[in-house]
Each structure stands twice: as C-alpha cells, then as structure tokens.
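Everything below concerns the one structure shown next.
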Amino acid sequence: MHDVVLTILPLLFGSFLAILAGWTRSALVYPLGVVALALSTGFCVKLLLGVLSTGTATYLLGGWSPPWGIVFVIDTFSAGMMLLISGSALLTYLAFRAEIIEGFAEKTAAFVALLLLTVAGHMGIVATGDLFNLYVLIEVAALSGYALLGYGSGRAPLASLNYLCVGSVGASLYLLGVGYLYILTGTLNMADLAQIMLAAPVTASLHGAVAVILFGLWVKMALFPFHGWLPGAYAMSSPVAAALLAPLTTKVMVYVVIRLLIGVIPGAAIPEALPDVAMLLGTAAIFAGSLMAYRQIDQRRMIAYILVAEVGYMVGGMFIGNRTAMTGAMLHIFADALMTLTLFLALGSIARQRGEMVLANMRGLFRTMPFTMAAFVLGAMSMIGVPPLFGFFSKWYLLSGALESGQYLFMVGLLVSSLVNVVLFFRIFETAFFDEPGESVRDIEHWSRVTPLAVAAVLLIVAGLSSGLIVDRLIAGIIPASLI
Amino acid sequence: MKKTALLAVILTGALLILSMENFPSWGDVQSPASLHLSRHFIEKSYEQTLTPNLVTAVLGDYRGFDTMLETVVVFTAALACFLVIRLPRDVCTPGLFYYRHTRTGLVVRKHDACELPGENPTFERVDSDWPPHDVVVVSTCRMVIPFIQLFGLYVVAHGHYSPGGGFQGGVIFAASYVLLAVSHDLRTLVHRLNERVTHLLSAAGVLLFFGVGLFGMAMGLNFLDYGALEGVLGMSLASGHSLGILLVEIGVGMTVTAALVIIFKLLSSRGTVTEGL
Amino acid sequence: MYSIYSIQPFLAVAAPLAAVPGILSSRSPNIREAWSFAAALLLLGLVACMVPAVVAGHTYTWVVANVLPGAPIAFRVDAFGMLFALVASSLWVVTTLYSIGYMRSKNEHAQTRFFGYFAVSIFCAVGVAFSANLLTMYLFYELLSFSTYPLVAHHQNEESRKAGRKYLGFIVGTSIGLVLPAMVAVHHFMGTLDFAAGGIPLGAIDPTTMTVLLCLLLFGFAKAALMPVHVWLPAAMVAPTPVSSLLHAVAVVKVGAFCIMRVVTDVFGVETLSALHLNDVVTGAAAVTMLAASLIALSQDGLKRRLAFSTIGQLSYIVLGAGLVTAAGLTGGMLHIAMHAFGKITLFFCAGAIYVATGEKYISRLNGIGYRMPWTMTAFLIGSLSIIGIPPTGGFLSKWYLLNGCIDTGQWLLALTLLASSLLNAAYFLPIVYRAWFCTPDQAQHAGPMREAPLACIVPPLITATITVILFFYPYPFLNLARLAAN
Amino acid sequence: MIWEIKLLALILVIVCAIAAINAKDLLSAAVIFGIYSFMMCVQWLAMGAVDVAFTEAAIGAGISTALMLAAIFRTSRRTKD
Amino acid sequence: MEDFLTQLTSKYNFWAYIVLMMVGLYAMIAKGNLIKKLIGLSIFQTAIMLFYVAIGSKAGATIPILRDHTLKGVIDFVEYINPLPHVLMLTAIVVSVATLGVALALVLRVYDVHQTLEEDEILEKIKNP
C-alpha cells in the first residue's frame, strides 16, 4: 500500500541520517547510502511489479484526497522511470565508492546526503501528480545537483553557477506557466487540470500558459539553444556527480514534458506553431550537438554534447505527433539514460587511472583496462545505434515515426548524428587500440568498479532484447488511444 | 549584447502581456482561481484542522508534503554551501592572531595562538579584518537579541492564529544570530552554535517533520496524515491535525534557523568558519 | 514442406560465441587453439545436422526476442541460408588450421585476440545466414563489421590504422546511412521485415520509392563491394592473410553478397522486381563492377591486392545472378557463393603460404617459385582455374548456370560481359602461374631445393583445392540447396 | 489602502529594481535590493497576503540581503555595470 | 483607448509583474557581474511571486485569517482572500533564498579561483591563463 511513497522515503531518511552520522560516526555514512539506495531500488521493483499487475497506483500524501491534497500517481511508465533512476544511482554510488569515501574527507556526509536528496528529487518529479509539488521537487533535485556539480576545482563552480542561473530561470518560467494555468482553471492537480482543460475554452491565455510551461522545461532540459550550461557542468565536475546526474537530469525533464503532453494538456491547448518550433529546435539540437561534439578535445565534454543531440532526439520524437514517434521518445529516455550511465561510469574509471580525459590520455586502454573498455564499447555502440543494443530500438521507433509523418529532415538528423557518433567513438577506440600506453601507466581494474559497470553494460543488451516487452508492458498502455 | 538582450526581453514581455488577454480582471471574486480549490480551503479547513490562519492550515496540512520538501530545500542549501565552500579544517588555522587590550583598544599581533584566561580577560581575541569594536552596538545587541529570539519563538508557536509559522520564526531566530555575529564577531556565534550543533539541529528539524509523517504510517494511515495524532492526549481529529501542524512548524523552524546560520557562517568567513563578518 | 520450431539454429549460431570465453581465458596456445577447433567442429556438426531436413525442403525457425512489431530477432534456416552456413562453417575448420600455422610461424602478436575475434566473426556470418528477417540480418551484419575491425587492424601500425578507418568508414557509413533508413521504410510500408513473407506485392509501394529503396539496399550492403563502395576491400588487405582469406573469401564479402541476394529474392521478391524491370539496376551495377574490377586487377602487382580486385569482380557474379531473376540465374549466383569461396580461399592460402615461406608479396618477384613450392603452386593453379571457370573445377558449374540464366532471358549483352570477364580473369591469373613455373628465378632464394611453408599452411590449400575439384564432379549438397532456394 | 499609494509603491518597486541592477557599486546594489524586497513586501501587504509579506520581510529584506552583503564583503564591491 | 485603460486598471498588477520580470531577465542576460546576475534572478523570482499573489486577491475581501465571529458560523468564501497562492509563494520564497545561498557560495568559489566577479574577465582568464 505504501510502496509508492516508500520508494522515496528511504532516500530522504537516509540523507538526514547521513548528516547525523557524519557528525557522530563517519564510518557509517557510506553504508547508509548503500542501504538507502538499495531499499529504494527494491521498493521500485516491488512497485513496478505491483503496477504491472494492478494498474496505476495512487498515493494520497497526508491522506487528503485530490485535488485538495498532493498525490503521487504511478503508472507503468513512471514506475519504470523510478526504477531507472534509483537503479542507475545505486550503480553509480557503488562504482565510485573510493572517490566518495576518500575524495571528500569530512564532507563525505554532506556529499552522500546531497546525492540521496538529488535522487529523491528526481524520483519525486516522476511520481508526483501535482504541478506545484513538481516545481518544489525540481528545485530539490536541481539545488542538490548544483552543489554536486559545483564541488570541484578549477572551472567547476563557474559551470555550476551558469547551470544554476539557467536552471532557475527555467524552473521559474515553469512556475509562471503553472500560475497561468491556475488562474485559468483554479487547480494544481494534474488529473483535475486535465478534466477542466478539456472543457475550458481555448484562449490565447491557455496557449500562453502551455507555451510558457514548455518553454521553461525546454530550458531545464538543455534543448538547443538553451544547452549552454550542460557541457560545462558535466565536463568540469567530479566524475561521481557527472555520472550520477548526466543520465538523470535532462531525461527526467523530458519525462515531465511527455507526461504533460500525453496526460494533462489536451491537443487543442497546444499553440499551433509550437510543434513546428519544437521540431525545428529538436533537429537543430541534433545537428548542433553532433557538430559541437566533433570539435571537442575533452572526451567528457564530447559526450555531454552528444547528450545535447540526444535531447533533440526526444523532443523531436514527442512533437512529431504520432504514436510510433512518441513510443520512440519514451523508449529513448530509458535507452539514453542507460547508455549515458555506462559511458560516464567507464570514463570515471578511466579518469581515475589516467587523469584528464583527453584523447592522448587514452592510449593503450584496451590492453590495460579490457573490461572497462568492453563496457565502454557497448555504451558507445548503443549510442551509435547498433542492434541489439538498447539505443538502436528507440532510434528505430523515432526514425519510423518521422517517416510516418514525413519529417525527413529529422530523419536525416538522426542518421547523421549516428554517423558522427561512429566517428567520435572510433577516434577513442583507435587511440586506445593502436597507441602504446606510456611507460609510467599502471592501470588497475578493481572488481568493485567493474561490476557495476558490467551490470550497466549488460543491461544495455538485456533491455535491447526485451525492448518489445518494455514497449508492450510499460509504454503502449500510457499513450492515449487518440494519438495514432 | 545589451541591445539584443533588451530586444529579446521586450519581445518576451510583449508576448507575455498578450497572453494575459483572457485573464479574469484583478480581484475578481468569481475567477476560477477563487472558486475551485480555494473555496474549499476557506470553508472547510477550520473544521478539519482547527486552525484559523488559513495559510498555515493549507501550508502545514493540505500541502504538508510541499512544506516538507521546502524544508528539505533549505536543508539542501545548507549542505550545498557546506560542500561547496567549506575549507578543510587543517587549512582553516590563520597565520596570524590578533588580540585587543580591552581597556585601551590596542591590537596586538602574534604568530601563535595564546592561551587566554577565562575570567576577567585583559586581552580578547579579535578577527584579523574586523577590528572596530563599539561598546554601544555590542551592549544594545546583547540586550535586544533575547527579545528577538523570544519573538521568533512566538512567531513559530502562534502561527495558527496570526501571520507567521515555522519559516518566519526560524528566519527571525536566525537573524538574531546574524545580529550577534555582526555586533560581536563570528567567533562568538561559532562559540554559541558550533558547526556540529547547527548541522545536527538542521537534520533534527527535518527528521522531526519526517517523524510526524512516519508516525502517520505507523498508525496505519498515509504518510504525513496528522489524523494519526487523534487520540494522543485525548485529542479530537481536528485538534490532532492542529497539533500535527504545530509539531511540523517546530521542525521547520529548527531546520530553517540552523540552515541559515550555517549558510551565513560559511559565506561570511569564506568557508573557514573562524573569522568573519 | 513444413517449418520446424527448434532451438538448433540458435545453438548453431551461438556455438562459435561459446568458444570465445574459453579462447580468451586460455593459459597456453595449445588449449586456446583446441577451443577454436572444438567450436569449429561443433559448428560444422550442428549445421550438418540440419542439412537433411533442409534438403528435404523443410525449414527450422527459432524466435529469440520480440523486439519490434513484425520484426523479431529470429532465426530461420532455409535452403539458401543453409548453403551459406555450410560454406562458412566448413571453411572455418580449414581456416583455423591454417591460422594456427600462419600465426605461429610468423610469430604474430596478440594471437589470443585474433582467435577470439575470429570466432566472433564466424558467429556473425552464421547469424546472417540463419536470419529470419531483415532486422536480424542487419544486426549480425553490423556486428560483423565491428568485430572484424580488430582483425583488419591487427598489425596496429599506421598503415593498418588507415585501412581500418577506410574499412569501417565505408561499411558502417553505408549500413547506417543507407540500409537503416531503407529498412525503416520497408517496415513502415509492409509492417514486417520477414523473409518468409515472400517479398513486396506489386503495387504496395510506388515504383519510384521502390527504385530508391533498392538502390539504398544494393549499395548499403557495402560488403558486397559493388562499385563505388568497393574502396574498403583492397585497403583491408593489410590484415594478416588468414584474416584476408576469411574476410575476402568467406565471411565478410560473402555476407554482403548474401544480403543482396536475400534482399532481391525475399524482401522485394523476384516477380515484383522483374515486373518493374528493376532487376536491370542490379545487373547493370554488377556488370560494370565486374569489368572494371577485372581491368584494375590486371594492373596490380601486389598478390593480395590482385586477389582483392578479383574478389570484387567475382562478387558481382553473385549479384548478377540475383539480378537475372530466373531460376538458372539465381542457382548460378547462389552456387557461386560456394564455388568462389573454395576457389578464392585456396588462392589466399597460397598467397599466405608464399609469404610465410619467402616473405614475398609481389607478383613480379615470384619468378620460378613453382619449383621451390610445388604443392602450393599446384593448389594455386587449381584455385585460379576455378575462378576463371575452367573444368574440372567447381567454378565452371556456377558460371555455366549464370550463362544459362543470361541466355534464357535473352540478355546477350550480359552473357558477353560474363565471357569477357572470364577472359580477363584468365588474363590476370595465368601469368602468375606462368611466372611460377616457366620463368627462371631471379631471386637467389627461390632457387635450389624444395622448401615449402610449414605443414599447417600447406595442408589447408591442398584440402580446399581438392574440394574445388570434387565439387565439379559431385556438387550435390550445394547444387541441391541452390536449386531449392532458387525455386 | 488608497489606490494612489498602492500605485506609488508599485512604481517604487520598479524603480528600486532598475536602480539595483544599475548601481555602480555592489554594496549599494545589495542595499537597494533590500529596499526593493521591502517595497515588495509592502505591495503584498496591500494585497492582503500577510504571511507572504511577513516572510518576504524576514527573508527577502533580511536574510537575503545579509547573505549578499557577506558575500560581497568576502569578494569585491567592484562592478563594471 | 477606453478598453485599454480598463485593461490597464483592471490588470495593472499583472503588468507590473511583467515589467519586473523583464528587468530581472535583462539583468541576467546583459549584466556581466555575477552578483548582479543573482540580483536579477531574485528580481525575476519575486516578480513571479507578485503575479501569484495578485492571482489570490479578491475585491472586498480580507486577509486569510478567520475572524472569531465566523469560526462558529458558516464561513463565506467571498470574505477571505484566496490563501492557496500565498501558500505556494511562501514555498517559492524559501526556495529562492535557498537558491541564492547556494549561488553565493558558488560565487565565492569562483572568486577564489579567478579573483574577479566580472564574466568577461573570467572568460579572458580562462583563455589566457
């Protein structure tokens, strides 16, 4: 009965306890985080199974029924998202054990607490059924994210500050849009709002409200041309924070937009020009992201730019306006999160051995770190879109959907970005394969780092092979029948 | 750059103004915003929570989860500041120590820290970059601060009946400490409320909130359902809710106080938490 | 004729893959190569087990995962797939033997990696052979591209880096850029990618789109090396010889040709293509490639490069057979997959043996080598005869069927092209044989008594040469399968 | 409250906002920002939002300004625009 | 004109929020000083709060604290201002101060690294260290 909320409570509780433990028994901090994340993941699995068998689960927080109180609403898709978030956070947390314990000294407790809070925030964003609660959760997730990304030497604080400014404006715009909707409908609950909006007259203000909300969320998800903060934030920060947040932040925002589009905002309320603008921006994001990625020297920055392109994939997919493309966008959330996780985990392991992530530092990696590189190759192949890895199938749906609606430019964008990804990743592979590692290089692969990475990489294959199942059980039931 | 910015801003503004076309006019009693949810809150909340201040009732009870997260945000901000700017302890020892002769106001500089006798000090330690010291300010603040803190407590406790609540009270309480730091020096504040205490207090505040929520779950109700307090001390359902709000507000107050003090300490001492504004 | 739902195809495909952990974890070379052999024999056995049922006209199917609507990852063994799998698996055994000899005597580095990826490549090739739909085929096609990259770039020097780049650039670029959108489009129009569906019915897609799709798929499967996407093939010759033989005789290029054959027969459908006269596109591209490649081959001095251009030309025979869309033509094309494989692998083995024994790579330096390496050069002669198409070698049969196919449909121009190309084949192979036996050695090391390459390098070409001859007299498993598939 | 006064307060808010972002000295910018927050608080009081006004007075005009001053004290007052 | 004036008077609070918001946004985009940017951000956020509070207002209603005489009887919703926007804005204010705190912390770190708060100077220093 409490499964819905129990997915998030361990994280919150864990973060409070981590602070208490940090000032009393600091050895307990790291295990506490493991327990919290593992509990959360466990409850997510339970929740997913429950939702699969009994349908959408609703939880009334404070016992007040909607629309007066705040509710959590979990359907199959969001249950999958919850599992994705907590699972990927758990893997990251386990993989970076050494960094978390050693790298932060007396700040470990604060770091662990913030990490748990940001995961809780992201999960809450997925779960909540209340527009304003969503805003608060966005801020919980973002604020702790700023801190995690801002911790570091050199340019990390500046990048994070940049992110903070852009992110706050995005969240504020979202808040403004919610205010518009509230003044027009008088409610904040999503289900209630959907009901009222169906009957509400379609006016310029309604269009304005929807446009402002979507605009704000686009800013938050780093859609081109609002992507400026993303590469810096992920490339400058500590590898832990990057590996934790890169798979989550943009994807969760994409999830929010999808949820609003398919569950709350009726088609008539979307301004007519908006889908076209979105397609334009999405396509532009793909081209610009690929181009910029090609020009990067730092490999983390390069992958961050690929993320910009991937956001373009998803935004394009959801605004194409047919069922196939929407399925593709939703599937790509999972796919992109998993492959980003794999890549960043692998890069984190490599960075620990080799320092700065420039191409020259990746010599001979295939020989010295074979398992890490194998996982990296899988992640890269998935980004390129090689079957049977997960990335191929979401790309397939997107291509197919674009073809259905005659969005040929978007199709070209998808293919070009795949090809650019081939070039980008094979640059790395070539260096790692052909060049000899330097004399002084002594790479160590420890099982505790390789295991989470291997799990993530194997998941790419497993999820790819079961993508039909994922679409059938998790996604197909969520897309309204009216979307053809 | 500036011109483009101006143009973009004006364009956005114009679009936003256009989009207000269909808003109900300002102060319209029959606008949807005043009818749907808010009508229910105004008419039912006293009956359900026994709290005349509607804002407190909605904030603490109907939207209690929001409030909890909001507290978590403040808690997060404190941790974030700690993570970002707190310097490692071994770096925090200053190279020079300044001592002031209390009678004459002369300042002495030393390379090592001195043991200062606790009773009747002839010398006191001062910050390296905040030497002025005014008796009037110090004495006034010393007198005012207790009253400010008392007022803060009042605001927390009286939130049910008048404007106020955990946030406002907590902020006022924190402000009193800021005043202490400004009028004396940061070391005095750190001496009263050291880092460990503030961190534990901030965690304890959210934990109190959380605990009220968990109590609801333990009694077989939903998370944060204050109805679980019904029967505790022989309370009715509505006064259980009222009590729940009070407990929660206390938790909020604790966290907000502690968190703001943490942030202020860190910012004003640039992460050393020894000397500062 | 019925379909058997059985895990056998899956087991057969997975057999080489199962050996990979064994190969990688082996401590000593002997154990490692024992794994390779075991897997090769196991694969051959598993494939052979299915032969009787397939020859009888049945098919095996096995669904691995339902990934996309109308396009699961699934295996299906039919006559054509069986033909290719039989070629690939039987040649793997021989190639393994040869690799052991070659790699050990050249003292190559990273042999474990070599054998590991070798097994993966065969896994992919068999996967392509047994695919039940275009998606599965694409899957294994892509995997094959990536898993052969470390083999092509085995030497890890600047030259192989460039070659690897070219190789991947062409193969992956075309498969993602051309095949993927075409596949999506076919799926969009038809709702399925299954080969069993028997092609696109006439009128389902308008002719212009059909033409575009056909071109995309024809040039997208760049492994078939139709001009102008053949550039990768000569470049990839920097690989060690066993790789070249695997790549250019068995796995890679044949996979490309196989894919095109599949596309023509099972995706578009023979009737539809001939009704729309789209087969002319296929035959046209094939004919041009055939002549151009043969002409270029004439001017090559590097032995392996000449063989490479010969391969490009020979692959077009297969594509031509597909484009003829008659029973005889298709039979000829499919049969040519087998015949050319045995013939060409013999030649590559010989080239490798020469290199192992003497270090020579250029034709102009092979004068008189026949006396030093008589066995090798005999095998070479038989292989060349087969490629040219002179009886009693298997190559004659496939060319015979192809010619028949041309004449059946009255395409005299194509028939002439075929004959001209055969003449050119003779023109670039026979001089080598002539030099070997009838020129006086101008290098001192070629003179003197017989000094052959190690036994492991000599036996495989002799085996394949023998098979080439046997196939002329007894071509039945392959011929039956090809006939079955063509009808 | 009389609407003229409300309007005046509103105009004052806007003036303070513009002044705060244009001040040539960060310290004065921060102080003007404090005044801005306080005027905003008066606005809200005029609209009957007592709780919000109270909070804004304590947080916006009080703690925010204090934090900003602390930060400026620890960095620099200089600004180019 | 008449229309416009009635529009203006009936919605002048909404107009004011837009002006403030644009002032804040302008500062965020055009100002190079990091603290100025943060002031802009705060103005931006308070503008939105002003908008929300304006939503809640009702002509002729009083503050949302129930008066004693109505506690026992029937409560008429017309008498009290809509409390919900106030609740939301309380949260938003706290969020904004939290954001400000974190932002200032980051500003301090930036200053530690680059010794300046001007964006163009920082970029200059990054380019030619």
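What to note about this one:
Going in written order, the chains are labelled A, B, C, D and E, and every chain counts its residues from 1.
By our rule, contacts are C-beta pairs under 8 Å (C-beta built on N, C-alpha and C of every residue); 3 or more make two chains touch, one makes a residue touch a chain.
Note that this is a predicted model, so its numbers are computed, not measured.
Leaving out chain A only, with every other chain where it is, the touch network divides into B, D, E | C. Annotation of chain A and chain D: jointly contacted by B, E, touch as defined at the top.
Set against the C-alpha centre of chain A, every other chain centre is closer than that of C.
Annotation: A-B is the more contact-rich of the chain pairs D-E and A-B, by number of C-beta pairs in contact.
At the far end from chain B, in terms of centres built from Cα atoms, lies C. Think of the whole protein's Cα atoms as having one middle point; the chain whose own Cα middle lies nearest to it is A. The centroid of the Cα atoms in chain B and the matching centroid in chain C are 75 Å apart. Between the Cα centres of chain B and chain D there is a gap of 19 Å. Chain A and chain E have centres, each the mean of its CA atoms, that are 28 Å apart. Multi-chain contact residues of chain E, defined as those touching 2 or more other chains: 12-13, 19, 21, 25-26, 30, 38, 54-57, 61, 63-65, 84-86, 90-91, 94-95, 97-99, 101-102, 104-109.
Taken residue by residue, chain D touches two or more other chains at 50-51, 55, 59, 63, 67, 70-71, 74, whereas all remaining positions touch fewer.
Interfaces, counted as pairs of touching chains, are A-B, A-C, A-E, B-D, B-E, D-E.
The residues of chain B lying in touch with chain A in their complex are 15-16, 18-24, 31-38, 40-41, 61-66, 69-70, 72-73, 75-77, 79-84, 86, 88-89, 196, 199-200, 202-204, 206-207, 210, 214, 216-217, 221-227. Interface of chain C with chain A (complex): residues 64-69, 72-73, 135, 138-139, 142-143, 146, 150, 153, 156-157, 161, 164-165, 168, 172-173, 176-177, 180-181, 184-185, 187-188.
Contact residues on chain A toward chain E in their complex (touch as defined above): 132, 135-136, 139, 143, 146-147, 150, 153-155, 157-158, 160-161, 164-165, 168-169, 172, 175-176, 179, 182-183, 188. The part of chain A that touches chain C in the complex is made up of residues 381, 384-388, 393, 396, 399-400, 403-404, 411, 415, 418-419, 422, 426, 430, 433-434, 464-469. Within the complex, the chain D residues that touch chain B are 50-51, 53-55, 58-59, 62-63, 66-67, 69-71, 73-74.
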